[in-house]
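Below: one structure, written as structure tokens.
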Amino acid sequence: MDIFVQQLINGLVLGAIYALVALGYTMVYGILGLINFAHGEVVMIGAMVALSVIQVLVASGIALPGPVIAALGLLAAMPVCMVLGFAIERVAYRPLRNAPRLAALITAIGVSILLQNVAMIIWGRQYHSFPALLPSTPHQLAGATINDLQIFIVLLAIAIMAGLLYLVHRTRLGRAMRATSENPEIAGLMGVDINTVISITFVIGSALAAVAGVMISAYYGIAHYFMGFMLGLKAFTAAVLGGIGNLAGAMLGGVLLGVIESLGAGYIGALTGGFLGSHYQDVFAFLVLILVLTLRPSGLLGERVAERS
Amino acid sequence: MMQAADAPLLEATGISKRFGGLTALSEVSVTVKRGEIFGLIGPNGAGKTTLFNVLTGLYRPDGGEFVFGGVRMTGMKPHRVAECGIARTFQNIRLFANMTALENVMVGRHVRTRAGVIGAILRDGATRNEEAAIASRARELLEYVGIAGRAAELAHALPYGDQRRLEIARALATGPGLLALDEPAAGMNATETAELRRLLERVRGDGVTLLLIEHDVKLVMGLCDRVAVLDYGKKIAEGAPVEVKRDPAVIEAYLGGTVA
Amino acid sequence: MSLFFDRWQQLKRDPRVVWAAYIALAALLVALPFVTDWAFGRAWVRILAFALLYIMLALGLNIVVGYAGLLDLGYVAFFAVGAYFYALLASPQFGIHLPFWLLLPLGAAIACTFGVLLGAPTLRLRGDYLAIVTLGFGEIIRIFLVNLNAPINITNGPQGINLIDPIKLGGFSLAQTHPALGLSFPAVYNYYYLFLALTLAVIFFSIRLEDSRIGRAWVAIREDEVAAAAMGINTRNVKLLAFAMGASFGGVSGGLFAGFQGFVSPESFTIIESIMILCMVVLGGMGHIPGVVLGTVLLVVLPEALRYLGPLQQALFGRVLADPADLRLLVFGLALILVMLLRPSGLWPSTVRRRELSADEDVARQEQATVYDASR
């Protein structure tokens, strides 16, 4: 039982991180219908920038409490990511808004490769250890342990989600975003400045990416120029699982994916009589995705797209 | 074709369709006779296109039956419906935009031809003959609808009226017994509409039964043998155009409506 | 400009010119390994052989993405299936050594079966949902390849399978140097010629398929699935057919890859490989065979050519400023972005799509061309 609870907790934390990244994918997809393939790299850049700032702060010998240093790192990473997200949209996607859809996907892949390699040149190929700055006092919970950092990550994800939902459903900007995603042309005619709305969407998504990057590096204690790629794929999978374009769906998909992966890793051996080891956790995640999409082709919370004719 | 001229070709009984809480069609029954031009009219949102989509297999009805040429077709997939002889056009033109006009019509022959992958690669005698037959039939049909000169143009580059004609040619290529047209005259000027009317009469003359949704009352009244009127998903009248025009329920439905 | 264009069009229709062009091209392709070897070294002949392998792969994916419009991000799975199938049945792994002529069609058939199996549950999905599911399938296959070394060792895990039999045609081993016509043909030349022959076959199949009832049905589905179904196309079967065809091309190139390399490991079949193949298809011009070939050659050759960035820096600045291995992919990413920004439909899109730009002046010419086509 305690293994179950433990894996559930681990899955929840992992899922919260997936969800933060998935939000970025889903917001962009909701508005532009574009898979922003480079989003995972923005997460990575966020982690790397924060890491560099933190390293400088730690080396400078100024006596600051750990969380403050981490917060300063994040504060430095966020604007960098926001500018990056803004620039990516401006340079690589905007000119292709009316081009064949796959063209933008290829530039997105190009941006992703470019960012990975820029990061590799700046930070090298090696794994960097991310200092343990945040408190990780363990607590007992139903026979399992959960530490402060894990609690913090989950709470932060919930807070961000709530903030985003408020933004999208209760503010002028949110209304403009929803209108743009519904029909950009008409939104434009109605006086929505769609270019600005799209830029803001990228900027917000990128800020979230920075948060996610710092969180995941702090959680695993590691940062690497290639970390964004698989994370991005997983997060995109989560967004699709929940119903891409849907904010709550991204959150649900992220958490589900995290939990499934953790439980899968913990139980797959027992389930298959030891035939499949925990290496198969990714298989598990993808199988669930395929199953869900076969039953609900638009994801869990996605709109059912009726055939229009 | 051996049957009497007024034998029913299409019989839909009690067709219902709901989307969530919205009832788009409730117990609609229509009978289309072989060789006639049957009009489906009604205000916007009355459920005309929904009925079309049910009849052509795009939607599964929640209730009711429909029989075409003696075959029960309820719940059939769209490609099977086409195979059985119902072809359609779309309200907002759905051509294969990046294919030429000729290729669009050639796609329509798909359902009546058979060549597969092996045939395509070997290009044996049978396949070559079939391809030639597809191309020549497609050319004939472009000629028939009057856009033979545009055969090599991309569908999306055609002028609007020609796109409508191309859609009709493509539908005719499937060799239908019933041609269902969703607002074929929408967006056409008077001259184009008149030409369209001649075309449709010629199609009927060649033995194809026509079912059309149309907003252009003049066209409907002039062209159709019989019409049915839908309002809020229900059939409120059916009969010859002159009778229907006088029907108080119809006048009521159209008051303040789009056509009046 | 237009004068030149007209002249070019005239020339293009002269059968003598066409034949001369074909003969020149054939001579070039036959002489290419010798010329390349002489000018750039043996390693580049190997790169040429790889380019041919990738052309087969890209043309397979082109059927799925370019014709049928199904975004497949897990295409490398079929390449992997073909490669491992060959590797398992022609290596010391199980002590089985089946002949090449049997393995090639069987590999195509197995990959084709996988194509249908993976395609079937995904066909209801649209666009990006399909993309992510195919991506998932690709990863699942790779994960199995990595982990199927226990409890029973099938794939030999991450180490992969070694000592795969080289390709033999009858008694003729491609892995040996053969003298002929006073020239010597080393292994990599032999593979080049085999791959060239099969690539030409794949191109031929693609051309035939494109201009057929099935090819039109694929494109119709890509353009408008609902309309295609309403015209009587069984979209499910026709899409499955696209998956199956694309997969079998992938399976064939996988088998060739295994025989050529002599070893396979899961590392060669990552998602990045799928993405690369997709880039080859889109960069050149989706759905247009010459475009796909061009895109593939560029994407295979470019990263290799970029290895010279080191010497180039040396020559320009007198020292190496940045590690060329690092710069290589950076420039590659940049090139992807720039090409797509400048030519969103690809470097060499099909004439049909180019015609959008110059619809009017071309109509008459095209009409003539199509009349001619139909009378064949």
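By written order: A, B and C. Residues from 1 in each chain.
In the analysis below, contacts are C-beta pairs under 8 Å (C-beta built on N, C-alpha and C of every residue); 3 or more make two chains touch, one makes a residue touch a chain.
From a predicted model like this one, the values you see are computed outputs, not experimental measurements.
Closest to the middle of the protein, by Cα centroid, lies chain C.
Of all chains, the one whose mean C-alpha position sits at the greatest distance from that of chain C is B. If you average the CA atoms of chain A and of chain C, the two centres end up 33 Å from each other.
Computed from the mean C-alpha positions, the centre of chain B lies at a distance of 42 Å from the centre of chain C. Distance from the chain A centre to the chain B centre is 47 Å, each centre being the mean of its Cα atoms.
Listed for chain C are residues 226, each touching two or more other chains.
For chain B, the set of residues touching two or more other chains reads 58, 90, 94. Multi-chain contact residues of chain A (touching two or more other chains) are listed as 307, 309. Residues of chain B touching chain C in their complex: 56-58, 77-79, 81-83, 87-88, 90, 94-100, 102-103, 106-117, 119-121, 123, 127-128, 130-132, 134-136, 139, 149-154, 156-157, 170-171, 173-174. On chain A, the positions that touch chain C within their shared complex are 29, 35, 91-92, 95-96, 99-100, 102-107, 109-118, 120-121, 233, 236-237, 240, 244, 274-277, 279-280, 282-283, 286-287, 289-290, 293-294, 297-299, 305, 307, 309.
Listed in rising order, the residues of chain C touching chain B in the complex are 205, 208-209, 212-217, 219-220, 223-224, 226-235, 241, 245, 352-353, 355-356, 359, 363, 366-367, 369-370, 373-374, 376.
Looking at the complex, you find that chain C touches chain A at residues 65, 71, 121-122, 124-126, 128-129, 131-133, 135-137, 139-140, 143-144, 146-147, 150-151, 226, 271, 275, 278-279, 282-283, 286, 322-323, 326-327, 329-330, 332-337, 340-341, 344-345.
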